[in-house]
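Letters are used for the chains, namely A, B, C and D, taken in the order the chains are written, and counting of residues starts over at 1 for each.
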């Protein structure tokens, strides 16, 4: 059976269940307790689990992410909420030089079962310092898993996997999705990392994306269907590992691919995805892989400029048409 | 005229000249003064320019990189030495959220003429926390220029441009190159950003790289020449901006490309370079672009494992042969 | 009240009357203006005219006013995202600030920065920053630059109580002390201790709640001040600014204050504090305190007060109108300003 | 000498004789062993047998020895890259450490970590870290975990003077104080103040050179100790460890010490200090101080001392031989250990 939940409630319920089940799970973050969480993912958690498990931290990203790594090394299973991923840059050293690597440089003596989660990507008019999508940065580093769910079902299934694995997970949510509803399977069904989902079948072109952009891709696909173009839409779910097989199998069938990402094009995630497609389907590609990306500028505040800086359905439609030489 | 200089001396001499010429240039970094610089780039600078211009800092990467941004905003031209780029992760917030963006979010009211320089990439057995090549990370962010010189001439020409521009520059050196010698043109000849150099002409395949990897590419090209394969070797010099034109023009001629980077393959620089090539030369490519990269693991300490983790000439040769379907 | 947490010893430096009372009238006017500005900005936010985050300064006005009243026209300052009042106090036209909040081409930063990133470089405002604490290194380096350039200009750095728990605070403040030994760091750090960082009260985020003292352990002279009393703040500011200008050494002050409104416009329920506390602090509203003082000294009468309020109302209404009617930035603005050379 | 900088008040807690003298002999033996180990490691480095960075602990032995002598077998500790002695003191076989430095499969971390990243988790050594200060948050969180798990185990965190200028230091230490209020942070921060961070002396990187006092800024009890005297350190450590174990509150100690060797094996010229200073500190070599004490008390005679030195020599020679003869890690090791699930 399944029930309809918002993305927020899927996260909440999963976290709560897992905390009920496993006393090793503790939460850390700014204003997750008394304040009830900036995005209310942890509302009521403090009352339910108490201050030893729901730890309101000072504004010390480097300190509390690092402390969570230390907790994880000792066998706790900390879940850090970064109020937004933008602030994670202050903790980059702890994430990239400790969490990601210390299993390796200890010769496998310690695990770091740590989940860092929070909203990633642009909001609405949050401007340059608060509108970043950092998946390409984190996915570059071996030792991390990088997860970017698109649906409430993804949110639940991937969070379950994250909470039960033994490695550090960069869990990238999207504030615009918190209110989005979707069917969430009941019961205990973790979604393994590295398993993309084909959200829509089609034979003319493959549109590949993750997180919020998947929804744009689906809308674009509906629009394209009205012009007789059947797009396959792939939701990657995780960037590291990348489900090369599903990707490549699809493109080898459709001969065309469009990759959609929210952030800056240069050295962005779409470049890697495109490279993987070329490497796996070069001989069967009928057109260059199109990258639909955000504008290569820090995010402006003004709404009209912000809209110009973000990818839209029409950009995806146009890119698809280019792969079909319809333009 | 030109003289033969080491990479180190090219940097030293250029910094020194520019400091003589422009009193706004100040240096900040750990142990650049009394200690004479970890890699002796600034040896004797303290005596010559005094402690107001050669500022030994505490171990406060976030603090002193940020302070340098502030100095730059007021019209100084700070040059920060990060002892190695690994430590820059502690200053990531200042580099990515302030230096890169504040010109934009101030509506163009301030410039940030800042150069951050130091060794990037693996050394010899420095292990996981000290062996990282961070160009893909920094080149993703608009507002920064990302420079990776391969030769003493590059070092001088690009540093001159960096020191005279008005924007923040991520200047990635390589410790293994500091002792390398090369001809350096006399006089005042800045190398503009975004101008790749063709280091070797060839018509069978284009090998693209930057920094230390260029030298591997050149050696591989010599080896290939003995088997009758003439490789063109491109030294990108800057990652942001990327000289798409030179790249694409070359590949449209050779029909084959191999991109070489030292660091991890997923979401690495080679993905972007490959994507640019595909986008510009899709119809003329006879084989998928090959990526030669480091192994996807934190750098191990043991020398034999480290050698396995790094790209070698033979990997480039093999990749070229694959593009020619010789394997 | 100021001494509630951490046993703050607050310097008392008020003079009941004298020349600074008359010269405080323009600051009273500005404080009334900014309060009105904040109220109307919030209303515009609710109407969907302003987007993103919106952090208001209501209740804290005397802190920035007191310090900005004490510096020279060529001095500079940095602050965080709660920055509207700082700009307006310094002379940035309210309509240019409002237009920025509306995301319009006529905004101080052409609509690119928004509420959190006000800049007015000609007037010495070097921003407006959104990452808590991250402007403190900038301000510290800027102060160094001012001395390096041979001037006697100084730099103010406003920061929140919450920012003091970050490495972005400790690292540059330690360096400022070192640089100050050579007279190379003319900066005043002004902690706006409004008791909370979002929903986290000072005593839940640190054990040492006498925040000024934290500067002492970096070797920086410091004191606390009653941040609700403009005259007190201004007097302290004048003394401190003169000394920092003369010595080139950093100084720190913790102003005990309170934000009467939510953390941001989205902070409606405020589960972290009770109404009583807010009401208590309303009794110490800095505008009323100054008004009473000016009234008592006969520098302002009721009619003048009314006129000042009316004027503020009109100015803000005009600012709203201006912002509303201003054009959006044209699409060509999108790629502009990313870099100087590209 | 200990009180030279910052007017350090150093606690004197030495007892001239008594039961702890006899129990100190094994520690004397370990200190002699590690000194020899460091000397031979440096020689191996010069012969090209050891790569990368190599940071030796010579001169500072009494600090780690004194503290590791005071904790229980199930307690844990974290340190920076100057970590060989810490591992050996704790019982990690010297040959496994040497093999790690040689990059061999038989090393404590299979040759993957090297000198800077010694780990021996079964013995409570949670690393060995190369980014200055970056292990301090880890140790702080680990201490929390120990209490959360309902144990009375404690955590030691060794750190350098230079690390104290980083946000990696201030942020977690502030949190430790907060957590300590609930008895949730049983950690001892042990500053190995060896006067320098590479070439930067303490007084060039901060104005407040009484480093222990900086913990006070965060609300953590603290003191200084003469780090050259094993007996003093150990006595203080026993008192502090007992208290931290009982209270779950953090405590900090600054051990005044000196590194008699270069920062790393590559630091040959040491332009930042003069020979005289080094010579002066050689007079306070911790091994000689302890040796004299044990000698005077009649716990050790000349023959025993000689035997201990000979034994150290042999053990280290054996460790070198073992390391030399051990196999390199096989190529299959390259992708192993990146993650648990992949």
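Here is the rule we go by: a contact is a pair of C-beta atoms (placed from the backbone, for glycine too) under 8 Å apart; a residue touches a chain by one contact, two chains touch by 3 or more.
All values derive from a computational prediction rather than experimental measurement.
Simply put, of B-D and A-D, more C-beta pairs touch at A-D. The chain with its Cα centroid farthest from the Cα centroid of chain A is D.
Centre-to-centre, using mean CA coordinates, chain A is 30 Å away from chain B. Averaging C-alpha coordinates per chain places the centre of chain B 37 Å away from that of chain D. A straight line joining the Cα centres of chain C and chain D is 46 Å long. In terms of their C-alpha centroids, the spacing between chain A and chain D amounts to 41 Å.
Of all residues in chain C, those that touch two or more other chains are 109, 111-114, 117, 129, 131, 165-168, 170-171, 174, 178, 204-206, 338.
Contacts with at least two other chains are made by residues 57-58, 60-63, 86, 90, 93, 97, 104-105, 127-129, 142-143, 296-298, 300-301 of chain A. Those residues of chain C that touch chain D in the complex are listed here as 165-171, 174, 177-178, 180-181, 204-208, 213-214, 216-220. Chain D contributes residues 51-53, 100, 103-104, 109, 111-114, 116-117, 129-133, 162-163, 165-168, 197-200, 204-206, 271-272, 328-329, 331, 333-335, 338 to its touches with chain B in the complex. Residues of chain B touching chain D in their complex: 30-31, 34-36, 38, 56-63, 86-87, 90, 123-130, 295-298, 300-305, 308-309. Contacts from chain D toward chain A in the complex involve residues 76, 78, 107-114, 117, 119-121, 126-129, 131, 134-146, 148-149, 167-168, 170-172, 174-175, 178, 182, 184, 336-342. Looking at the complex, you find that chain A touches chain D at residues 26, 51-52, 57-58, 60-76, 78, 93-94, 97-98, 102-111, 142-143, 145, 165-167, 193, 241.
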